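Pasting the structures in now, so scroll down.
In what follows, subunit A forms one complex with subunit B and a second complex with subunit C.
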Partner chain A sequence: MSFLRVNALSVAYGKAYALRGVSLHVEEGESVAIIGPNGAGKTTLLRAISGLVRPADGDIWFDNVRLDRLPPHEIVRLGIAHAPEHRRLAPQMTVLENLELGAYHRRDRKAIRQDMEHIFELFPRLRERLGQHAGTLSGGEQQMLTIARALMARPRLLLLDEPSLGLAPLVKKSIFDALARIQQDGVTVLLAEQDASLALPAVSRAYVLESGRMVMEGPSQMLRQNDYVRQTYLGL
Partner chain B sequence: MTASLFFGLLVSGVLIGGLYALAAIGLSLIMGVMRVVNVAHGALYMLGAFFVYTVTVQWGLPFPIAMVVAVAAVFAVGVVVERLIVRPVRHEEVNVLIITFAAAFVLEELAKFIWNPRYKNIPPYIEGNVSVGALQVDQQRLVAFLVAVVLIGILFALIRHTRTGKAIRMVAQDEEAALLLGIHVERLHMLTFGLGAALAAAAAALLGPLYLVYPAMGWNPLLRSFAIVILGGMGSLEGTIVAGLLMGVIEVMTGYFISDRMTTVATFAVLVLIIFLRPTGLFGHPVEER
Partner chain C sequence: MRISLRRGVVLGREGWPLWAGVAVLVAMPVLAPTPYILHVFIVANIYAVFAASWDILSGYTGQLSLGHALFFGVGAYTAGLLSTLVGTPPLFNLFAGAFMAVLVGLLEGVPCLRLKGPYLGIVTLAFAEIAFSLAFALSSITGGEEGIIGIASLVRGSIYIKYYASLIFMLACTLALYALTRSKLGLILLAIKADDAAAEAAGVDTTRYKLLAFLISAFFGGLAGAYYAHYLNIANPETLAIPLSAAAITMTLVGGMGTIIGPVIGAYVLSLFFDLLPVVAGQVEFLTESRVLVYNVLIVLIVLFMPQGIVGWWRGRQAEPEVSSMRADPSRPQAQA
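This part shows the complex of A and B:
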């Protein structure tokens, strides 16, 4: 049984299907990307895993627990943290408070403090901004905080939605450098990203999602050499 | 007009304004966190006054006990109201408006049934005056004001510094993101609604001896609380406090210079003016687009 398994998942918003029969699996310790154009259903897939949308059909399993009927707050407790698209921080709260909220469901104060120290090593900029309101941070800093907040939950599976959205190339690179170190720490990562040239080198396997359907999957090395992927997503 | 008269009116406006702020802050909290308008806020205020009446007049117990009982009981009523009728329709703002309006009438009829429709008095809990400088101030009003200040201070401390308070602020700023952090949003909504109701009851208790107690007594404070919340800026608790004090001063000045009967008209005038001229209120931000 896979760590995370999505079976024939369909999600509908009213009569419009955002996902149709999508299947996917992620093994423990692995990093997997979902690439595809805007509106393909990547965000919907991650939202279904987190319990924010209810599937019309299909099921989702994490570590032998069925997720698709659980409320979001219970899914977080199972060890899944979701760094959502558009960051979704509390703009009028400080960086420190946002980080504390990341650890909301945890009670192990000492370990929380250690994790925060570890996060400051990963994102030193956040330590400098600790007392500042999240809404006053730059886009890159906000993205760092979003990932850091998710890590404060000490997740076993990290869902990352469009971490590079709207960022300058250099900032994108620093985000993906941090991602590499998060993977080294043993966190399993499922990444949804439009920018395939960034996403594919960062993961071992990837899926291509188009118009709500999985059209391709395989080791990222292989996808990077695939003609269709090269032309459509890598612009080569 | 002499300076000392003006100062006297100002002080008595601020003293009553602190209680207006306490009465309105629960409404403001519910609006800010849940984005709904609780029209039953005045009815919950009324229930608070009736509980104080029962415990003090009917049971003969001291006022502080009555206040604690009233606050706790109305908290519970608020929680039940949220769970039973607000939660199912919460995503339709207009439905919340209508259903809490209906709930206000039901609570009012229940009050007529349980007690009776006749006017009642709550005896003063402290008598006598104290001098503040050259000014004679009703001791009860001063104590009520100070208790209101302490209660508002406690509310702020809870929201700023406790884990639950931070979670409530997160829910206010981004409900869905709060869910992704493992926050049980529905439970916090229930708590927030109960807290808002309890604050109304606290204000009603402290103001109890100053006004008559009767089943329809909640509508006037409801209108005033709306005016205060809008004047202060929706979702801003700080704004609600400043607006509450301001409203106290406006009412006292209107009462002195025009007529006691015109104070509600003045409240309404402020409400209309602020909606026309500055709909975001004194401290409000325009709704942020995501």
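This part shows the complex of A and C:
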């Protein structure tokens, strides 16, 4: 049994299907990307895994627990943290308060402080901005905080939605550098990303999602050689 | 840099005006030229608790309640009925009133949890209107338009004693609410207001905490209503009516939303202005006769020139200039960054 397994998942918003019979698996310690154009259903897939939308059909399993009927807060407790698209932070809360919110269900204060130190090694900028309101951070800093907040839950699986969205190339690079270090720490990562040229080198396997269907999957090395992927997503 | 996870009660943010204000309130019996002013302050203290109870739910947690008089009225009627029919002691009735308001809050809160923004506001308004109608429909119990009269006083004795009792009541309630906003619970409520989907993604059981905010708000709203009944010795339909719900909102807007101290200041400013205008401007007939007009013009001016209320304005002045200009405005919807 895989660490995370999604079987024939369909999600509908009213009558419009966002996902149709999508299957996916992620093994422990692995990094997997979902690439695909805007509106393909990447965000919906991550939201279904973390319980923020209910599937119309299919099922989701994490570490032998069925997720698709659990509320989001219980899914977080199982060890899945979601860094949502558009960096949804609480703007009038400080950086520190946002981080505390991420660790909200944990009781181990000492470990929380250690994790916070670790996060500041990962994102030194956040330490400098500790008392500042999240709404006053730059886009890149907000993205760092979104990831940091998710890490504060000490997840076993990190769901990362479009971390590069709207960021300058240099900032994108620093986010993906941090991602590599998060993987080294042993966190399993499932990444949804439009920018395949960034996502594919960062992961071992990837799925291509188009109009709510999985059209391709394989090791990222292989996908990078694939003609269709090269033309459509890498622009080569 | 040492990271502190402790979130104690920090009242220092408001600085000296807060402590000066408390000092003035304590000295008020000496300062007040007539006992009538103390009466105005007692009612203002009760309204302050009521407005702060609205603020914790709507200002702080972002769950819009337009019918907050429901809790005040339920508290007032519960205390009134217990006092006149059963004869239980007023202190007991205060908590019984608050408890009944919590039960009503549960009744209202559970079906309302899926509603957001204006939809929630409309339903809360409807709930208060239902209770208002019931106060007339069940006139054999509630006394109809007349209400319940002859409710025992909470504190016997001079107006000075009554004034200090109300001051202690107000300080205890608002300090409790303020401490709550500084706790971990306050952080969660703030996160729900900012973006409840994001709070949910961070692992917060938003449904549970929204309901909790409802119940805490109902408790203090009911407490204020019961105190009101035991001070004025009556509980009438006005305690359930729209103008009272609106008063909680205007007081909080004037003082500063989501600050808990704001509604208290707003309650003083507006009560004093409304009740003392005839005294101060007794000679100027126009001002006395059109005090409702003047009162509303004042509200418009404050909202126009201090959109974050008096407390927000003061905090903005205290902050470093470059930070204050960048600070996110909590009273406006946030753009997706």
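Here, the second predicted complex is superposed on the first by the 236 of 236 C-alpha atoms of A that agree within 3 Å, B and C clash if a C-alpha of one lies under 4 Å from a C-alpha of the other, contacts with A are read in each partner's own complex, and residues count from 1 in each chain.
Heads up, the rule we're going with is that a contact is a pair of C-beta atoms (placed from the backbone, for glycine too) under 8 Å apart; a residue touches a chain by one contact, two chains touch by 3 or more.
Quick caveat, the model's predicted, so the values are computed rather than measured.
Three-chain overlay on subunit A, with subunit B and subunit C in a clash. When both complexes are overlaid on chain A, the residue A:P72 reaches subunit B and subunit C alike.
By the touch criterion stated above, A:R109 is placed in contact with subunit C alone, subunit B being left untouched. Between subunit B and subunit C, the partner in contact with more residues of subunit A is C. Judged by the touch definition given at the top, the superposed model places A:L130 against subunit C, while subunit B stays out of reach. Contact with both subunit B and subunit C is seen for A:R149 once the two complexes are overlaid on the shared chain.
Contacts of A:G139 after superposition on the shared chain: subunit C is touched, whereas subunit B is not.
When the two structures are aligned on the shared chain, A:Q92 is found in touch with subunit B and with subunit C.
When both complexes are overlaid on chain A, the residue A:E100 reaches subunit B and subunit C alike. In the superposition on chain A, the residues of subunit A contacting both subunit B and subunit C are 50, 52, 71-73, 76-77, 81-82, 84, 86, 88-93, 97, 100-102, 104-105, 149, 153.
Those residues of subunit A whose C-beta lies close enough to touch subunit B in the complex are 50-52, 71-73, 76-77, 81-82, 84, 86, 88-93, 97, 100-102, 104-105, 149, 153.
Per the touch definition, subunit B reaches subunit A in the complex via residues 163, 166-167, 169-170, 173-174, 176-177, 179-185, 288, 290. The touching residues of subunit A, counted against subunit C in their complex, run 50, 52, 71-73, 76-77, 81-82, 84, 86-93, 96-97, 100-102, 104-105, 109, 112-113, 116-117, 127, 130, 133-136, 139, 142, 149-150, 153.
Within the complex formed with subunit A, the residues of subunit C that make contact are 1, 3, 5, 184, 187-188, 190-191, 193-195, 197-207, 323, 326-328, 330, 334, 336-337.
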